[in-house]
Structures are given as structure tokens and as C-alpha cells.
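A single structure is presented below for examination.
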Amino acid sequence: MTDKTTTMAEAIAAFVHDGDTVALEGFTHLIPTAAGHEIIRQGRRDLTVVRMTADIVVDQMLAGGCVRKLVSSFVGNSSAGSLGELRRRIERADPEPLEFEEYSHYGMIGRYLAGAQRLPFYPVRSYAGSDLVSVNPGLRKVRSPYDDGEQVYVVPPVNPDVTIVHAQRADRSGNTQVWGLTGIQAEAVYAAKKAVVVVEEIVDDDVIRRDPNRTLIPSHAVDAVVACPRGTHPSFAQGYYDRDNAFYRGWSAISADPGRLRAWLSEWVFGTRDHPEYVAKLGERYWAGLAVDDALSLPVNYGKRREHAR
Amino acid sequence: MTSTKDTTSSELLSVVASRELAGKRTVFAGIGLPTLAASLAHLTVAPDLEIVYESGVCGAHPSQLPETIADAVLITGAEAVLSMPALFGNVLQGGHIDVGFLGAAQIDRWGNLNSSVIGDWADPSVRLPGPGGAMEVMANSGEVFVVMRRHDPRSFVDKLDFCTSPGPDRALADGIRPLGAGVTRVITELGILARQGVGEALRLVAVHPGVTADQVRAATGWPLEVAEDLATIEPPAAAELRRLREEVDPGRVYLR
Amino acid sequence: MTDKTTTMAEAIAAFVHDGDTVALEGFTHLIPTAAGHEIIRQGRRDLTVVRMTADIVVDQMLAGGCVRKLVSSFVGNSSAGSLGELRRRIERADPEPLEFEEYSHYGMIGRYLAGAQRLPFYPVRSYAGSDLVSVNPGLRKVRSPYDDGEQVYVVPPVNPDVTIVHAQRADRSGNTQVWGLTGIQAEAVYAAKKAVVVVEEIVDDDVIRRDPNRTLIPSHAVDAVVACPRGTHPSFAQGYYDRDNAFYRGWSAISADPGRLRAWLSEWVFGTRDHPEYVAKLGERYWAGLAVDDALSLPVNYGKRREHAR
Amino acid sequence: MTSTKDTTSSELLSVVASRELAGKRTVFAGIGLPTLAASLAHLTVAPDLEIVYESGVCGAHPSQLPETIADAVLITGAEAVLSMPALFGNVLQGGHIDVGFLGAAQIDRWGNLNSSVIGDWADPSVRLPGPGGAMEVMANSGEVFVVMRRHDPRSFVDKLDFCTSPGPDRALADGIRPLGAGVTRVITELGILARQGVGEALRLVAVHPGVTADQVRAATGWPLEVAEDLATIEPPAAAELRRLREEVDPGRVYLR
């Protein structure tokens, strides 16, 4: 049992370097926002960010000047509007161009699957006839070696230098449990050279071992474990706190104005030393508005062999 | 008593779309009008309908109206929550979705959709959110319904600025056998355009009361064919509106 | 909510026909033995059985005369010895030949994945240099369309006419929950045209909905639900009863002798009307020896939105 | 006091194999000698060692000695239980296994293994269980250890009846770049055969006290090369045997 716990500052310093390819996953649920903020605080540059749904945290990292290239399948502020910085970068190269490599969701999923499984490609049934094929040379065709000789598009593997995901809980060695929407996090971790897991809480080994089927990411795939409660805000952690929909709705106006966006970053990212300060700055009353009541699962029986047996 | 006079645009589109789901079993729906239509259909013409969400939720029983396809209220009390590889691979690509709902900035006569850019992809005047899972919904659903609030030549175009989600005709031209029929219904404030599948263009099959075929032609960016037996859409019935207003969206979150 | 519950006899009669391709999955855990016995009772013929680990239930179905062809990646009585009937069929065509299509475990997994995902093939990293390639024309190579032009073996999809799996519990509509070893059951179900789920118990809808992450097979993929407690014997159901290791050890001697094997079938399969009779015939004292004590998981919180919110 | 005199064959093989796991992090092991070796190594030379089982169990903490790789006691209290696609795809093919243990009916000088048939595949004299996951363990583990109770020319053959699980040399000859080194250690009652990787044949690198190189040559079905610095294996130490007997398998289930 290796203790891999560390602080967010140390994890980002150790595992995210200028020029790295960094995957941040979490599909609406469990978005690793606090990790993105720490990357901004530490002033990383020239990152290639891989993220299926490039949303607020990506817009913030773009505004923080951290990102040279984006690999994504959806670039929008959820259903709440636009990402101002992202659109300025893409539509007007303002303040600088953004390299953009675009896939569909399943294309991204396939890339993670291929990366996790050390496959040279992953076949998908979509893409036929899409103009994406003409702007993304990574999309290629393979012919089936079976009788029908059918063709199918394939996507190339992605192997990020580091994948960062957020989860409800882990033990000190990185056995990580997730419930609610589980997205693509496990495959994104397995596809990466290094993996950082950020959690709402680090729990006793026994809590994990009482329910091994909830462990989606085993410790052998994890390099660092960071406790960072409320680290997904404005995203949510099922059973811990709700999504801050008002923040999402407000973001479109903030990010539409470069001045406001930079002021926001100054106040909330550069103006806080770490995520606990960000949490405290929002205030307990604010968090009370995102609190959820209990809806507990029923226990299942894993069973224990009797001593009498055999 | 439920008044059918003050029917809003959202109510009209939801009710009309719900009727098209008669007898369907599985629908892939985003938040907003598709969810309203599917939820209403569940209470009326499709009692066994299951809504599957892109986030991985199957058989949701939300305590409140969800605000996103990943809303926590969709997860608590759901029948199943799947990983993205399972949702996209087994459920969607595996062929378990009867009807997928999609939206788009532009649609052409073959039901191809653009949700990527206005202008050139490499130097767009407007960068839109992009494909998300729309390409997979198009490629893998039995058929696709599109609900478009705006019916005008900027959205119903002769030529897409960019084809994000291709219908089966484009897939075939690319040498790949499509798995679904593509867009079969486009429901707008003016009427319903329809097509059956490969080789067929969308044509006007029904109009709302008071709307003429010429009006729809004028609002469409390609020379729109009109069905010989052009139907008039039955206005929302009082019972439909009552269920929509009182059971589906009592808080009028989406029934703006 | 469609009620899909039925009896084992009805499910086998409705979904397993002479000449069908039938997948039975469960990797050591949750083997659908009772379903196999009912197939024998109903006298099905010319089946193609697809099963990663062809073990006791397959040996029994072979002896029952149900099987023309076997598709598998492991043919043995676990680590407890040989399958007598299977070896006689393969080594001596006694009493008749057995068509055998052989893969490795991951080859079988890939076939189910391709089948479930409607892919024309699934790529795997193994098989290069194996003699299996020379005896199984289903194993082919594909060249990567990316720069390295690397080659990789692929396996073809399998789409059984019906897949039968056993699970701990389901609701009436087929939302199926499994814990402990989960194997390849979900993919085998999605790959099939029809699917029958056999469970230890059918539970209230609420039990399933209190823990949606445990639902590995959603109702939309299921055609029939059969309650059949202890239906995996001599396999086990985590938390319900233990594996009958003595039975496994005893099977090698039974199946080594065609006479003994047929006598066993007469007594235990043809001699029982259904699985409840088989269970009763073993007797409560026997089952007490396989009973397990409780080891309950801790509940997790799915959370419930407060009415105050937003 | 632990007697080292009455060391059984199983104890000898377990202890010798455990030493070879020094510093390793992940091992893919079946039940029996591999588990004993890995469990002993965990207590001695490889404190961070994790045993991964083909059934999907990672980080098991069994209450009793498991009887199969899928034993219920491996699941209760484990750190993780994975589906088969995750175990074979992400963990094994993904390259997370340092050492895989394999057995076989036949092994050749390149570490290729036969676990399928004696005789012809289509008409075998003995049908063996077949590949299971052995082919994947061979192809994807960093290296593979083989523990063979029997060291004789019927098992150590010049030519396999059937190559079930090919080493990297055969993979390369088939035009495919191997991911692991293949068999690097074969541990038997006579000694240890070893090779580094592609292009290298197994050669005798160590013998047990009292065993001669000629004895091993005679027991091997191909002309066995012997290392110039042929070592003599240190017999099991009292401390190793004590831990094996008292902590790993106190019921002597596998220490027959």
C-alpha cells in the first residue's frame, strides 16, 4: 500500500509541465475545475488540453494563457451559452490563435479506448460523410478483412502525458470510487502516462474494500491522490453538492467580455492561494444553496465464507 | 379548464413532436423540447417509452425537471447509469435507439446537419459547439427527429456551411452502409417536413392551421417539394396541453 | 414498465430453438447452469454454444445431445480436471463429432464487444505467431492506416440468437444488477438478438433505483426475466451462496465415465421437473454447507435536490 | 523452529519463484504456486506487489486461501473488481502487468507455450484446456515467468505440438511488434532457465544444489545452452519457509 496522497499544488507541479498533453475528463459531472485553476495559478504554458466537453474550465485555462492546442468534441458552455475566450481565439485569433483538433464524442471515447488498450486505432460507426473528415487528418478508414469488405472509420489512440479526473473518494493508494455519471474517466486514466485523481474525500481503506465494484480506477493506474472538497465547482459531485447552474448561466456574460473575464481570473484564481480559499471566498451561505439531502443506496451483501466450510 | 387558444410555440412543438413518437420504445433526447415531447408521449401515445440521455442515464425518474442531460436529479432514482463507452458503444451504436432527437444551426434537404461553424471551419465567423454526440445519434438511431424553432432560409439551407452530422445519403457516398434512416421528421412552427430514408429529400407533409405551402416554401432555402396529400396538423388538444402544463413542466421551465 | 417475468421453462421454449446460436456467460461466477439444464430437459438439438469458459454446464449440454458446435476460449473443468464428454467428442468423435471454433479469452471478449457495438471487427494485440490462426480462419489481420502502418489481429463480431446470463437481482422489466465478478455478461447481452436474464431474486423497482450504478444491464436490452434461486450451482452467486468446489472436483470422475454421466443426467436433470426440484433434491443440509455470512457494503449517497434550490 | 531439510517441491518452487519477483509491482497470477510465490514475495522482496487475477480482482485481501482465481473470498474485501473488458483491455493489454505467470503442457527454447493439444489440433490425442487468457498474458505482460513441476523432455520440447501462446520471436515473424519480452524465467525442480527477450533462447542459468548441468540437459528436449557463470540456487531459508508455511498457506492447501 503506497501512500500517494499529496497537495494539489504539488501534484500539478510534479505532473503537469509546459508543453504537456493534459486530459481533463468528467462529463458535466465531476469536472476537475480546481486542478484547472491550479494549472492557471502555476502559469503552465503551451499545453495541449484533451477534453470531450470543452466548457468553463477550458475557457478559463484559455484565458489564463495556458493552452496552445485543444482536442475536443464539444466547445460550449453546456446549454447555457458560449465560451467567450474560446470563440475569440478560434474566430479571431484574439489574443492568439488556438490549434483545434475536433472529433465527435464517440471519436474521443474511441481515442481514449485505443489509448488505454494500446491499440493502433479504434473503429467507430460514425463519421461517414462528415466534413470533419476533411479538416481532421486523424480520421481514416479501414476495410474489414471479412467477407463483406465493409469500410469503417477509425480514430487514433490518445495517450496524454497526464490525465486528471475528479471523483467522490479514494483511498491513500489511489483506489478510486465514482458513482452517478461515470463518463470516460477510467479509460482516460488508463490511456495516460501519469494520472492524478482529485477527490472529495480520502477514505479509510476499509470503506473502499467494503464495496470493490465501485472502484472504477484501481491504484495501479494512479500516481497521485489529492483531497480537494468541492473541487469541481461549478460542476457537481453526486451526493456531495449540486451543480451551480446560476454560475453556468452567468459565465457567458463574464467570458463575452475579455476585461471581465480577466478580472474574474484575478479575483477567483490568482486572488486565491488554493481551492480551500476559493471555497471559503464563496462562503458557507453560498454552499448551503448547493447542498443536497441524503438519498442513500441500500447495501448489498458481498458475503463472507464460514469457517465451517470445506 | 385548459385553454388551447394561448398555446405557446414551445407547447405547439412539444405536442406535435410527441405525437410522432407513437409506439416508439427508446428515444435519445436532449433537454428542452425533446424531453418535453418525450415525456408527454410517455403519458399519451407511447406508454413504454424510455428516454436515454447522452450522459448515460437510462430510465430516469427525476424528482424535479432536469436542467441538463446530466442533472443530478436524473441520476438519483434512475434505473441505470452507464459509462460513456457503454452508452455510445452498446446502446447507441448497438442499435437500441428507435428515435434520436437532434438540433442544428443548419439543415439541408437530405437531413444533413451543421452544428459546427458559420463560415469556414478553419476561420469561422461563428464557432458553434460542434458535434458532441450528434454524429453518433445520426449514424446509429433508427431515425432522427429534428425540432427547429426557427423555420427560415438561414437555417433551412441549400448548402450547409459545414456538414457536422451526415445523413445516410452522404454516408453511402462515402462508401459506408448507413445503419439508420437519418432525419425522417423536421417539426417547426410552420409544419412538418418528412423523408423515409436513403435517396429521399425532405418534403412538406403537413402544415399548421392557417399556414400555406407557399409560406413554407418561402421560408426554406431549397426548392421544397410538397406532398400531394398535404395535411393540416391537428392543433394541440386540451388534454394534451393539460398534461404538458400540469404534469410534464408545471414550473414552465421550458414552456416559455 | 413492461413486466418481462416468466418461468425458466417458458423462457427456454420461447427464446432457444433448435439450431440457434446460444451464448451462456458468467466467468466462474454466476454461471447459468439451471438454464443449461432446462435446455437439456427440453431436448434442444444442433445448438451452437458460445461460452468463454466451457466448463461443467457445457459438458452436461454436450452429454444431453444439444450441441453441434462450440465456440470457446477454455475447455476444462476449471482447475479441477477434465470435461469427459467434451474430450470424447473432440478426441474420438464419440458419440459424434463436435465442431469447435477456438479463440483466446480476449478474442472472445473482442467478439462480444464487436457484436454489441455493431462493429465489423475488433482489434486485439494478441494472436501474432499463434497456431490458433492456422486453425481458425476468423482470425485475420488489419493494417493500421496511421504512420507506422502497424498490423494488428482482429476478431469477427458474434451476435448470438440469444444470450442467457445469471445475475443476483433484477426488477420485473429487466434492469439487472450484478456485483462481485461481472465478467462479460453485459456485452454478451448487448451482442445478442434476444436476451434472457436469470436472477436469484426479482426485487421491487425501488431496490434497483436506489443504486442505478449497479445496473449493468438496462431493461431495454432484456427480453425475459426468470427468477431461479440457486440457479448457478455448482457455480456461485456472490453474497448468496458459495461455490460448490466438491462438486467440481467430483465432476471429473463422473464425466470420465459415459455411463455415470448419463446416469447423473437422468437423475439430476431429466429426473427433476425444474430447478426448484433440483434444489430440493440436494436438500437444505447440503445448501447449508454453501451458505455464506453477511459482509454488507456501506451505502453511498446519491443525493436529493432540496426544494429550496434555485 | 522451521526445518529447511524437509522442504517439499512446492515449497522449493514457491520460494525460488518469489525471489524473482524482487521489486516488481504488479503480477498476474493463477491459483497454486504462482499465488504462493507472489504472496511470499509480498511479505519479503516485493512489499508493494499487487496480484491481479484473470477474473478481474485487483488488490485482494482474502479471508481464506482462495481455491480458484474467481473465489468469492478474493472478491469480498478486494480493492477493485473489474469487468473482463477492463481487465484484459486496460490492465493487461494496457501494459500494467510487470510479470505474468503461465503454465503449459509444453515449452520450447524460445519460451513459446502449448496448452491446447497433444497431437494434431483437428484430431488430438489429448485435448487440453486451451488458451484462456494465456495468449494475452504472454503478449502483454512485461515479462512472463513459468513454473513447471515436471522438467523432462516431454514438457521441454524441441518442437511444440501446437503453439498456443507465442513469445515475441514468433510474433515478430508474423509481422507484429511484440509488447513484452515473453518468457524470461522458467523455474523447475532442477533449476532456472532464463532469456532476456527477442532473439534469445532459454539457457540454464542456475541449478539447485546437487543438480548438474548435464542432468538438466538430459531432461530438456532441445540442446540446452548453459551459462558460463552457472549459479547454484540458495536453498530456501528458514525465514522464507516459516513465512510460507505459517503466513501464506498455513492450511497447506497448495504446499502439498
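Just so it is clear, A, B, C and D label the chains in written order, and each chain counts residues from 1 on its own.
Simple rule for what comes next: contacts are C-beta pairs under 8 Å (C-beta built on N, C-alpha and C of every residue); 3 or more make two chains touch, one makes a residue touch a chain.
A quick note: this is a predicted structure, and the numbers were derived from the prediction, not measured.
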Which chains make contact with subunit B and with subunit C at once? A
Between A-B, A-D or C-D, which shows the same interface as B-C, counting it as a repeat when over half of the contact pairs match? A-D
In angstrom, rounded to a whole number, how far apart do the mean CA points of subunit C and subunit D lie? 29
Suppose each chain is reduced to the average of its Cα coordinates; what separation in Å results between subunit B and subunit D? 57
Report the inter-centroid distance (CA atoms only) between subunit A and subunit C in whole Å. 35
Contacts with 2+ other chains: residues of subunit B: 57, 72, 75-77, 81, 89, 93, 140, 179
Among subunit C residues, those touching two or more other chains are 113, 117-119, 125, 141, 150, 152, 179-180, 182, 186-187, 210, 213, 238, 242, 245, 292, 295, 302-305
Which subunit D residues qualify as touching subunit A in the complex? 25-26, 48, 50, 52, 57-59, 61, 63-64, 67, 72-73, 75-82, 86, 89-91, 93-96, 140, 179
In the complex with subunit A, residue positions of subunit C that touch it: 117-123, 125, 140-146, 148, 150, 152, 154, 156, 168, 177, 179-180, 182, 207, 210-211, 213-214, 238-240, 242, 245-246, 289-306, 308-310
Mind pulling up the subunit D residues that touch subunit C in the complex? 30-32, 54-57, 67-72, 75-77, 81, 83-85, 88-89, 92-93, 112, 116, 121-122, 124-136, 138-140, 160, 162-167, 169-179
So in the complex, the part of subunit C that touches subunit B is made up of which residues? 1-2, 113, 116-119, 171, 173, 175, 186-187, 190, 205, 208-210, 212-213, 215, 217-221, 302-305
Contact set on subunit A toward subunit B in their complex: 27-29, 52-53, 72-76, 78-79, 86-87, 90-91, 102-107, 109, 113, 124-133, 135, 141, 150-153, 179-184, 186-187, 236, 238, 242-243, 245, 292, 295
